[in-house]
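Accompanying notes for the structure given below.
By written order: A, B, C and D. Residues from 1 in each chain.
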Amino acid sequence: MTDATPPQTAPHPLLDPGACASPNPAGVRRIAVLTSGGDAPGMNAAIRAVVRTASHQGIEVVGVRRGFAGLHRGELGLLGPRDVANIIQRGGTTLLTARSRTWRTPEGRALGAKYLREWDVDGLVVIGGDGSFHGAHFLQEEHGIPVIGIPGTIDNDLYGTDYTIGYFTAVETALDAVDKLRDTGASHERIFVIEVMGRHAGHIAVDVAVAGGAEEVFIPEDGKPVSDVVQTVQESVAKGKRGSIIIVAEGYAGGAQAVGDAITAGTGLETRVTILGHIQRGGTPVASDRILASRLGEAAVFALMEGRRGEMVGTTCGQITHTPLHVTWERSKDVNRDLYRCAKTLSV
Amino acid sequence: MTDATPPQTAPHPLLDPGACASPNPAGVRRIAVLTSGGDAPGMNAAIRAVVRTASHQGIEVVGVRRGFAGLHRGELGLLGPRDVANIIQRGGTTLLTARSRTWRTPEGRALGAKYLREWDVDGLVVIGGDGSFHGAHFLQEEHGIPVIGIPGTIDNDLYGTDYTIGYFTAVETALDAVDKLRDTGASHERIFVIEVMGRHAGHIAVDVAVAGGAEEVFIPEDGKPVSDVVQTVQESVAKGKRGSIIIVAEGYAGGAQAVGDAITAGTGLETRVTILGHIQRGGTPVASDRILASRLGEAAVFALMEGRRGEMVGTTCGQITHTPLHVTWERSKDVNRDLYRCAKTLSV
Amino acid sequence: MTDATPPQTAPHPLLDPGACASPNPAGVRRIAVLTSGGDAPGMNAAIRAVVRTASHQGIEVVGVRRGFAGLHRGELGLLGPRDVANIIQRGGTTLLTARSRTWRTPEGRALGAKYLREWDVDGLVVIGGDGSFHGAHFLQEEHGIPVIGIPGTIDNDLYGTDYTIGYFTAVETALDAVDKLRDTGASHERIFVIEVMGRHAGHIAVDVAVAGGAEEVFIPEDGKPVSDVVQTVQESVAKGKRGSIIIVAEGYAGGAQAVGDAITAGTGLETRVTILGHIQRGGTPVASDRILASRLGEAAVFALMEGRRGEMVGTTCGQITHTPLHVTWERSKDVNRDLYRCAKTLSV
Amino acid sequence: MTDATPPQTAPHPLLDPGACASPNPAGVRRIAVLTSGGDAPGMNAAIRAVVRTASHQGIEVVGVRRGFAGLHRGELGLLGPRDVANIIQRGGTTLLTARSRTWRTPEGRALGAKYLREWDVDGLVVIGGDGSFHGAHFLQEEHGIPVIGIPGTIDNDLYGTDYTIGYFTAVETALDAVDKLRDTGASHERIFVIEVMGRHAGHIAVDVAVAGGAEEVFIPEDGKPVSDVVQTVQESVAKGKRGSIIIVAEGYAGGAQAVGDAITAGTGLETRVTILGHIQRGGTPVASDRILASRLGEAAVFALMEGRRGEMVGTTCGQITHTPLHVTWERSKDVNRDLYRCAKTLSV
């Protein structure tokens, strides 16, 4: 399922601790930055890192508001280091984000390119998920504007990086909800079926299942039939467990409701289905997301300075990596299978 | 709607700061305690206060597990001061709770009374909501066992006390979710319709609306038509507000989904409906709930010692009050109308 | 210790739910607002409420930056309803605050008055503690500018209001720290002595002691000798308690360090002294602080419209009250003695 | 400073997803587990994982209370899967921990070995830091009892694992405090000097500095003179920054107080020194710590089953690794130098 080919890893020639201004072979003078797609906690930390790294290197930054929708409408403006003060801890994105149908047309992208040229921009940093990277890819293909992607999505479903910005916070938010439901579940000896985000990927679900001590977890990557849960619940009751927690990724066939219905049909036990929904997108980013965003924001600016284009910056084993944008969506990143197995064993 | 007759307020003869053991005119030697109905954060703090106050007064405590269901099945056991150590900060209830159909029958209650007599209990403290108080009321009526109620329910819908245990924590939990959704709402300039708990009462909804800076709030106590929201949203958009938050109590006709549908039908704008659900019941209790629970737990023991029976202990303006159990459900407690009005004004 | 004379309570003629614009007998057209003294969580919610209530009534608002220091330097500017969007959940104060020596001189205040007259201001709302109210009082006395105070201080030490803005959040922050220390205290069976804020008042200390299940609490209002703690700790050890929590208000003679030293000297046991410090001032305000701030911000504008001056708005038993500024510092508000007693009983 | 030799990485023959019971070449029938040294959030999750993995493999578990101190006093008892229910989310350690001078003597260790033999234990899992690993190492050397270490310490200062259990939670707790102080720092335009844990290592300090947007960070690994901070602060003021955050690891010469004094001496500006202290040890563990603990607890049982001894289990790049115990303290793990550099750049 996962493609074993590793993303391209390159040592950073620019990461010279002694250097104040790094070599800038691409001669970058001004770059633009935007956030696109669903918001994710840590996007502001990434914006801040892009602006401040650039500033430190003598490069100007143009902020684009409302993602690609704002780009083709010309919502651009200079961003200085002080403009991004005191935003590292804020959820959402201060540059705003929006979905844009116009951007999916060549005409829309041509309009955006025109604005970028008017602003004399040498490259564009796009913070978002795979949909956003598609939009960036076509902009570069059609108009020759170098783009670098920063993975910003809570789902962690991009190939080429161990983690995406927002993922860690989403896991903590979902886990906090599970802890709360467990209080009630244990007090009432009830079964809670909890749906977490992840339309195509079970990363959040698996992490939350292990950390939340769940009895069972269902993810879209897996063909596990919903009927499996019935046996798990019956065994759990037989062992005398007080209350059960079942985690379901939203992309699993039928979602939490289907799982809850199956339990009731198969065991006669009452269940409580809870869909956590959009709260998983918000909130103050946790340290791991702010740190990841800070490193990737810096790496994106360095990448443009090195003359890179059409790539996503990411981290693999703590090292900065670069992956062609199209690879990030063509290949899929499997969930951590050790954890997936572990979730089950530890709920005995 | 609200009955203006105040609950009976009595100075506490037992609250003598200098006294180590207080007068015990009723000659209470041993009491029982149980939690019943939906769990609420702070119930453990109330259990702890009952046990430790009693212990301090030389009275023994019998803990009943699983509420009235456990009572008619004989799940009783002695609880000492050390048994309630380190639980003040825990959500849920360590005594467990359950719904019981059997308790609604005279036979069920007779069984429970038999166990209480076998354990030689002089009174019973019931921590729960109005359903639980009904159960307690009939036990006393039919079997003469003195009962004292402690209001433990997140809904704050009991007459005779300004606040119920669990309410403050539920408000914080809902508010935290609203803050998170606001991050996304502001970033995407979207409308969020958020359903909070409150089947018959809008207390949580009103507090959350004011504290969360919501544009509009819908509560069951009010006949406000759902169409009102359309104008609010249109004005809000006209003023250039980025994103809107609409709060709906679950008991409002149709709930959040109906409100979301009305907005879309009336304005053509997309909405996101989020039902917070059971997470509002869980979590570490906030200070206000632990303090309220500590005071009411103490007051319940004092009430039995004074010879009171069939009453709920509560607080009004920071003073301990006593209200006949039947009054707590016969009269209704209105939401804070000043706040309700304020919610609207401050979202201009 | 506490003066029994209640603050003046007045029904609000302006609180007519049906009225969109309220009567404005004082003919107020423009008001100023500033925050002063130590910052407190909820100050932003109060600023927002002042601005939006005024706007709703057709009154303009001038924001003064950096408190009285900014006022005598002329740091004034108009504040509209959109300027206070999305700040209700933020800690600190967006208007900034500062200590000012110049303001303590008649010349400094004369400069401030000049600016207020230049801006054609009909009244000033001061959000702060008793030091700030002194500054406001003299401004009104000397220059005739009507001032209304809003109690904003975490210490809750102002007479004339049950609670001050920031107090609830400070209690939660301190309690959260106590819960964390309890984890370690219980695991190591250690004694933690924790100093909370409160230079002259033990309100935070008493609340945290009850909610945190502390063994002992020391407050400045009380003459309890530090040696008392030795016996408490010895009894606690004798009872087999795992770990002890002792709460000390910073204003208690010698603070936490003195108490820790006394325990070690008297029992030979090791203690860990922790001074929570300024973290108690920060953080997202809890619901109770936002709600209080919203109500008091509204009440302050109404007070100026009614022609009130030289008063603090507060709440007593949930009702808005008005107290002459000098009374707020001349009389003292005792800690809740029931709670103080309760803290001790429940730690048995 | 860091030794480049990687810890030994071995594929897990036992990690066969299909296997219910794994091969057990060492024929392990019963193991013991204890927590030792300073408590760390996630220790309970590790205990749970050890007990449940063992149970799943048909191995019995003996829990030792109070670490090595309890071991030489014979505080042992069987632990079943239900005994560790509902502890994954709790801070501290339910097995308790203690420092033991007796254990540092051969006589003390002989006593402990005697108890382990009496309980017929085939191996011991020790959850703790390097002091605890020393104790475990000598037990194995002198008495031949196989020991496996699990890294549990908030300082993250053990060679042979990317992260230690408790580290992630400590970083979040410190960061939360920094966010709160920033509110006040920004409102008052003040300089906060914040001391975080780390007697010999700056891992927490560097993470918190980057995630907290600090202006400067001081760690024990670095010879940076305290005078450097004076220039940083002066530049920061010159740039018009509102408030500054300086992070100091407790092991940096003189700690936060020395840094604060240097700033005041060099710039004349007032500073606020805050020592976060023991709160960093407590609290509900974050997801990353629970997941790490779950994986390492499982790996420790597998290691004993494979016949491994005298090793610490850890993770490197997400893979389980094994490192001889003496190597974990002989080599030192450097802070992330990229992050250390990044902290400085991004505060421009």
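Throughout what follows, a residue touches a chain if its C-beta (ideal position, glycine included) is under 8 Å from a C-beta of that chain, and two chains touch if they have at least 3 such contacts.
Here is each chain with its UniProt name: A, B, C, D = ATP-dependent 6-phosphofructokinase.
This structure is a prediction, so every number in the text was calculated from the model and none was measured.
Chains touching both subunit A and subunit C: B, D.
Between A-B and A-D, more contacting C-beta pairs join the chains of A-D.
Chain centres here are Cα averages; for subunit A and subunit D they lie 28 Å apart.
Subunit A and subunit B have CA centres that are 38 Å apart.
In subunit B, the residues touching two or more other chains are 179, 182, 186, 242. Per the contact rule defined earlier, chains pair up in contact as A-B, A-D, B-C, C-D. The residues of subunit B lying in touch with subunit C in their complex are 15, 17, 45, 48-49, 52-53, 55-56, 81-82, 85-86, 88-89, 162, 168, 171-172, 175, 179, 182, 186, 207-208, 210-213, 239-242, 284, 286-288, 290-291, 294-295, 298, 317-318, 336-339, 341-342, 345-348.
Of all residues in subunit B, only 35, 38-39, 41, 90-93, 96-98, 173, 177, 179-184, 186-189, 192, 242, 272, 274-279, 281-283 touch subunit A in the complex they form.
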